[in-house]
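Pasting in a structure now, in structure tokens, and then I'll have a few things to ask.
Letters are used for the chains, namely A, B and C, taken in the order the chains are written, and counting of residues starts over at 1 for each.
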Amino acid sequence: MTRALGWLAALGLVAGLAAGFGYAPRETVQGNVQRIMYLHVPAVLTAYLAFGLVLAGSIGYLATRRPGWDRLAGAAGEIGVLFTGLTIVSGSIWGKPTWGTWWTWDARLTSTAVLFLVYVGYLLLRSLIEDPEARGRYAAVVGIVGAVNVPIVHFSVKWWRALHQPSTILGPERSPIDPAIGLALFVNWVAFTLLFAYFLSRRMEIARLEEQT
Amino acid sequence: MTYARRAWIILWKDVLIERRAKETANALLFFCLLLLFLFQFALGPDRERLATAVPGLLWLGFILAGLLGLGRSFLAERDNDCWEGLRLTPGDKSAIYLGKLAGNCVLMTAVEIILVVLFGVFYNVDLWTPAAPLTLVLALGTIGLAAVGTLFAAMTAQVRARELLFPVLLLPVQVPVLLATVSATQAVLLGQPLADVAHWLKLLAGADLVYVTIGLLTFEFVLEG
Amino acid sequence: MILARELRKTYGSNSVIDGVSFELGAGQCLALLGPNGAGKTTLLRILATLLRPTAGSLSIGGADALREPERARALIGMVAHGSYVYEDLTARENLRFWETMRGGDTGAGRLTAALAQVELDAVADERVRTFSAGMKRRLGLARVVLGQARLLLLDEPFTGLDRRGQKWVNEFLLGFKAAGGAAVVATHSFGSGLGVADRVAILGSGRLLLDRPAADLSPEALHRLYESLTDGAEAGR
């Protein structure tokens, strides 16, 4: 199962690269650097998926006390932090030529950074507790607080500042996107999700083996 | 109403212990005074600059004092080895959380009053005229800080490296509360009507509700061994 | 009162409790002997519902302690190393706190009576910080008495007490048994406590190596059995 996922993910990534660099058109205003969006946007979507799974795993563990749920939460947390880091770095690289600075305190970048900090803290907590039962419980509580906080962070940061482009994919107003760009984005998003699933499956497997020794 | 009695007795115990040991309150008060000097030195003698920074500094002060004060919430339990005793008590453990939360709110409120007075005196800022709306913002922000702080304090009291872990866990979660309270405080100090910051207040109230609810629901899992 | 079957507690690959079964009726006292590290405290904590066993079943006062720990907890009083006292509160305030947490009646009369029963009424309004180890132990007993415990779990109650103190605990336990309560006393010392025990058990390598009525064994016989069993157990580790 994991193997198959791995192959699918590899295929997806190849397709994504092709779509992003070959198929999708060159953006008029920003030039080729805009293509980093095909990395940045799927990365952040996947990060949100990961943290949703952290929430699910946390609730699942507290409800059933079965270690499988905690493994899910832990693995999803780690990979989520990875993808969030990827989002921030790619966003930063995208921003430098576009806005002139490596970092701006605009709404979306800030929200993502706060998300990153919350879940790094989550991982830190996990690393400091050896007893798996206590670790599962405490991590679950922090996981729930962190996840529930995401919309609150989103709104507070958004009202605080708005520099970023208005969200063309997740926003309420639908400004028209070139369908080619949309398709390339979609392909990359699927690829990233497959990659995430592969990593998750692998990581949970390792965690299960670690617990047995 | 055994639940209310239990929450109340927790508050009673903590107030009694604090009154006798006087460990936390005195040090926090002194800490506030130190912060005052720290902020002034960090920002330089320019009055204007300090005046514009007051809302942020006020909340920065609360949060720093909060990190110290809240982190010690369960110190008595840890030092006196009373965790297990609490775990063995029957009934809904969230009553303990509520009692501790109440105690922490009282503590934080005392800290805030001190800081507000000190700011008013030392930085020559008029905090008396907008006192009523300011109190509302402070109250909402305090609950937000204390609700998560109490929960995380219970957790980190039983973990290694607790002095580091507590701020690392609490601060990122407090970002929205900080943003909301500073923005609202700024508006209030400029004399704007509360209606202008209604959205911030609603966000704070909503967040407070969410945090306290999560605290009540998950405290037993933090206490349980 | 207690019905334990095949209790097991493993940490990783280490089996601290490895299949412990026993029964204890009301009005009986079980002395649990064993060298340090044998798992007495762990077993006691499992009985107190503070620790979940990895396997096995436990019934206390008719309630399934694993599925409904709350019902079991209402009957249990534990006095262990940390005797759950707040040093900055007085004896009376400590009792008031714990009894309120238990949901009981904290009328002044009840508190004073409990303190009198453990001979702490003279120092009722002194801070516990000034108490000796024996006095703190007695305060712990007052707490469980006030809480109307039916099962006492005592972990090394005689440590740090002088002869008078130990005699006092013995008499207290006798009175408790006579009133229908049951007790499990974990101890690694021989002189104290055995007088009041109805049954004696030896815990070694996570298992009960012995479980006999106290009347069957003379103190010397018990001592010899203890040495041989625990030596063997330690050699086997």
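The working rule: a contact is a pair of C-beta atoms (placed from the backbone, for glycine too) under 8 Å apart; a residue touches a chain by one contact, two chains touch by 3 or more.
All values reported here derive from a predicted model rather than from experimental measurement.
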> Using C-alpha centroids, which chain lies at the maximum separation from subunit A?
Replying inline: C
> Using CA atom means as chain centres, which chain is nearest the centre of all the protein shown?
Replying inline: B
> Hey, how far is the Cα centre of subunit B from the one of subunit C, in Å?
Replying inline: 40
> What whole-Å value do you get for the distance between subunit A and subunit B if each is reduced to the mean of its CA atoms?
Replying inline: 31
>> Averaging over Cα atoms per chain, report the distance between subunit A and subunit C in Å.
In response: 52
>> If I count partner chains per residue in subunit B, which residues reach a count of at least 2?
In response: 225
> Multi-chain contacts in subunit A: which residues touch at least two other chains?
Replying inline: none
> Hey, what residues on subunit C touch two or more of the other chains?
Replying inline: none
>> Help me check something: in the complex, which residues belonging to subunit C touch subunit B?
In response: 48-51, 70, 73-74, 76, 78, 80-89, 93, 96-98, 100-103, 127
>> Which stretch or stretches of subunit A touch subunit B in the complex?
In response: 62, 114, 117-118, 121-122, 124-125, 128-129, 134, 137-138, 140-142, 144-146, 148-149, 152-153, 155-157, 159-160
>> Can you tell me which positions in subunit B touch subunit A when the two form their complex?
In response: 148, 151-152, 155, 158-161, 165, 168-169, 171-173, 175-176, 179-180, 183, 199-200, 203, 206-207, 210-211, 214, 218, 221-222, 224-225
> In their complex, what parts of subunit B are in touch with subunit C?
Replying inline: 2, 5-6, 9-10, 12-13, 16-17, 20-21, 76, 79-82, 84-91, 225
